[in-house]
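Pasting a structure below so you can have a look.
As written, the chain order gives the labels A, B, C and D, with residue 1 at the start of each chain.
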Amino acid sequence: MDQLQDLLAQLRHFVAERDWQQFHDPKNLAMLLASEAGELLAEYRWVRNDAADTLSREPEARQRIADEIGDVGIALMLLCDRTGIDLQTAMRDKLAKNRRRYPVEHSKGRASRPIA
Amino acid sequence: MDQLQDLLAQLRHFVAERDWQQFHDPKNLAMLLASEAGELLAEYRWVRNDAADTLSREPEARQRIADEIGDVGIALMLLCDRTGIDLQTAMRDKLAKNRRRYPVEHSKGRASRPIA
Amino acid sequence: MDQLQDLLAQLRHFVAERDWQQFHDPKNLAMLLASEAGELLAEYRWVRNDAADTLSREPEARQRIADEIGDVGIALMLLCDRTGIDLQTAMRDKLAKNRRRYPVEHSKGRASRPIA
Amino acid sequence: MDQLQDLLAQLRHFVAERDWQQFHDPKNLAMLLASEAGELLAEYRWVRNDAADTLSREPEARQRIADEIGDVGIALMLLCDRTGIDLQTAMRDKLAKNRRRYPVEHSKGRASRPIA
């Protein structure tokens, strides 16, 4: 079993042991994901852009950031598991769309809006 | 090369071709992640909990949801790549913490707050 | 001086005393607002729709919810003050747009998408 | 009737005409608020801190930002109306707490964490 599959099995066990499937419909999991993304955001809200890499390497901040990244990743895996949406396929499909929405000649060096 | 590594290589190429590394400091990527999580949230904001699984299977909604999941996953991978935080390690470490924060006997069947 | 103006004066004093204007550019305040909205979201993430009104009346939950609402409101006032955007005008203008985007005949009883 | 009361009356009418009260329980309104805050966040995600004030004055960006601020304000008013939580009281109470959590001598010039 590969590592992600093993982690998913552990997550399912964690949820089942606590009888939490009842709370984990896709709506609630989308809320979990967004609230965890908000906590990650909070770690960076006062740092300047040019100090954000440095902050990410300071041990205490790095641990908090890794914890929040872990929470976001867990919420995302739970949502994918519940909906049956394959995360890697979703990312590949969206990347293909983004290649079309942000053509290189239109977007190079500019944080541009999509062309459509 | 495994599939996630291949996807990461494609993401890096996508960003480099557009010269977007300059925008992708951890602060901005945390904002990207949170705004994409907000778009995913929007898909579920008016549906009732008990209709959220059904919505997730309707073809048009499912495509939009998969697209937003793809965006969130991409933002998360970009942030992990920039900070050098390993996503799977972060998820495993957080799951271990959550096992301690939400003991089975304290949390079974209850969406309880952590014990600490 | 009306009550909102008085509150704004207090907020400005609070920020100035701590010399926090340096952190309060619009980007950071938008992050503050989103992270506080994420905390408010967290209060409701496990409750079912039909229990959300009841939860909002339970004294302890109500206090936490009111605190998060206060944080969101403060962040919004700080952002409006920094950008010079008048909140009431912005709300009135957006309501007028929403009337056009969601015509009654199109939207009545349906959580519909906008017509444009 | 003061201006905010008049705006609230208009909001209630807008919702009632569309028969949308059924969707506006506090859980869904918290989701609305967070997703609108995510859209506001998106306006600032690629701009540097020191360019965020300038961006906020550019006519097209300013209009989009004002629209998102309007959406956030509307969502906040709807949530306060539904829960019966008075927004100004909530802000005043939270500001009083923040004065205690961020004492001037502890926080001056530093984006510090709260003392408790």
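FYI, a contact is a pair of C-beta atoms (placed from the backbone, for glycine too) under 8 Å apart; a residue touches a chain by one contact, two chains touch by 3 or more.
Nothing here was measured: the structure is a model prediction, and the numbers come from that model.
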Selected pair, greater C-beta contact count between C-D and B-C: C-D
Specify, for the interface formed by the sequence copies chain A and chain B, whether it is same or different in terms of residue numbers shared by both sides, with half as the dividing line. same
Between chain B and chain C, what is the separation of their C-alpha centroids in Å? 24
From the mean C-alpha coordinate of chain C to that of chain D, what's the distance rounded to whole Å? 2
Using the touch rule from the top of the page, what residues of chain B touch 2 or more other chains? 23, 28, 31, 34-35, 37-38, 41, 44, 46-50, 111
Show which residues of chain B lie in contact with chain C when the two form their complex. 31, 34-35, 38, 41, 46-50, 111
As the complex stands, chain A meets chain B at residues 3-4, 7, 10-11, 14, 17-20, 22-23, 25-28, 30-31, 33-34, 37-38, 40-41, 43-44, 47-50, 52-53, 55-56, 62, 65-67, 69-74, 76-77, 79-80, 82-85, 87-95, 97-99, 102, 104, 107-109, 111
Listed in rising order, chain A residues that touch chain C in their complex are 23, 28, 31-32, 34-39, 41-42, 44-46
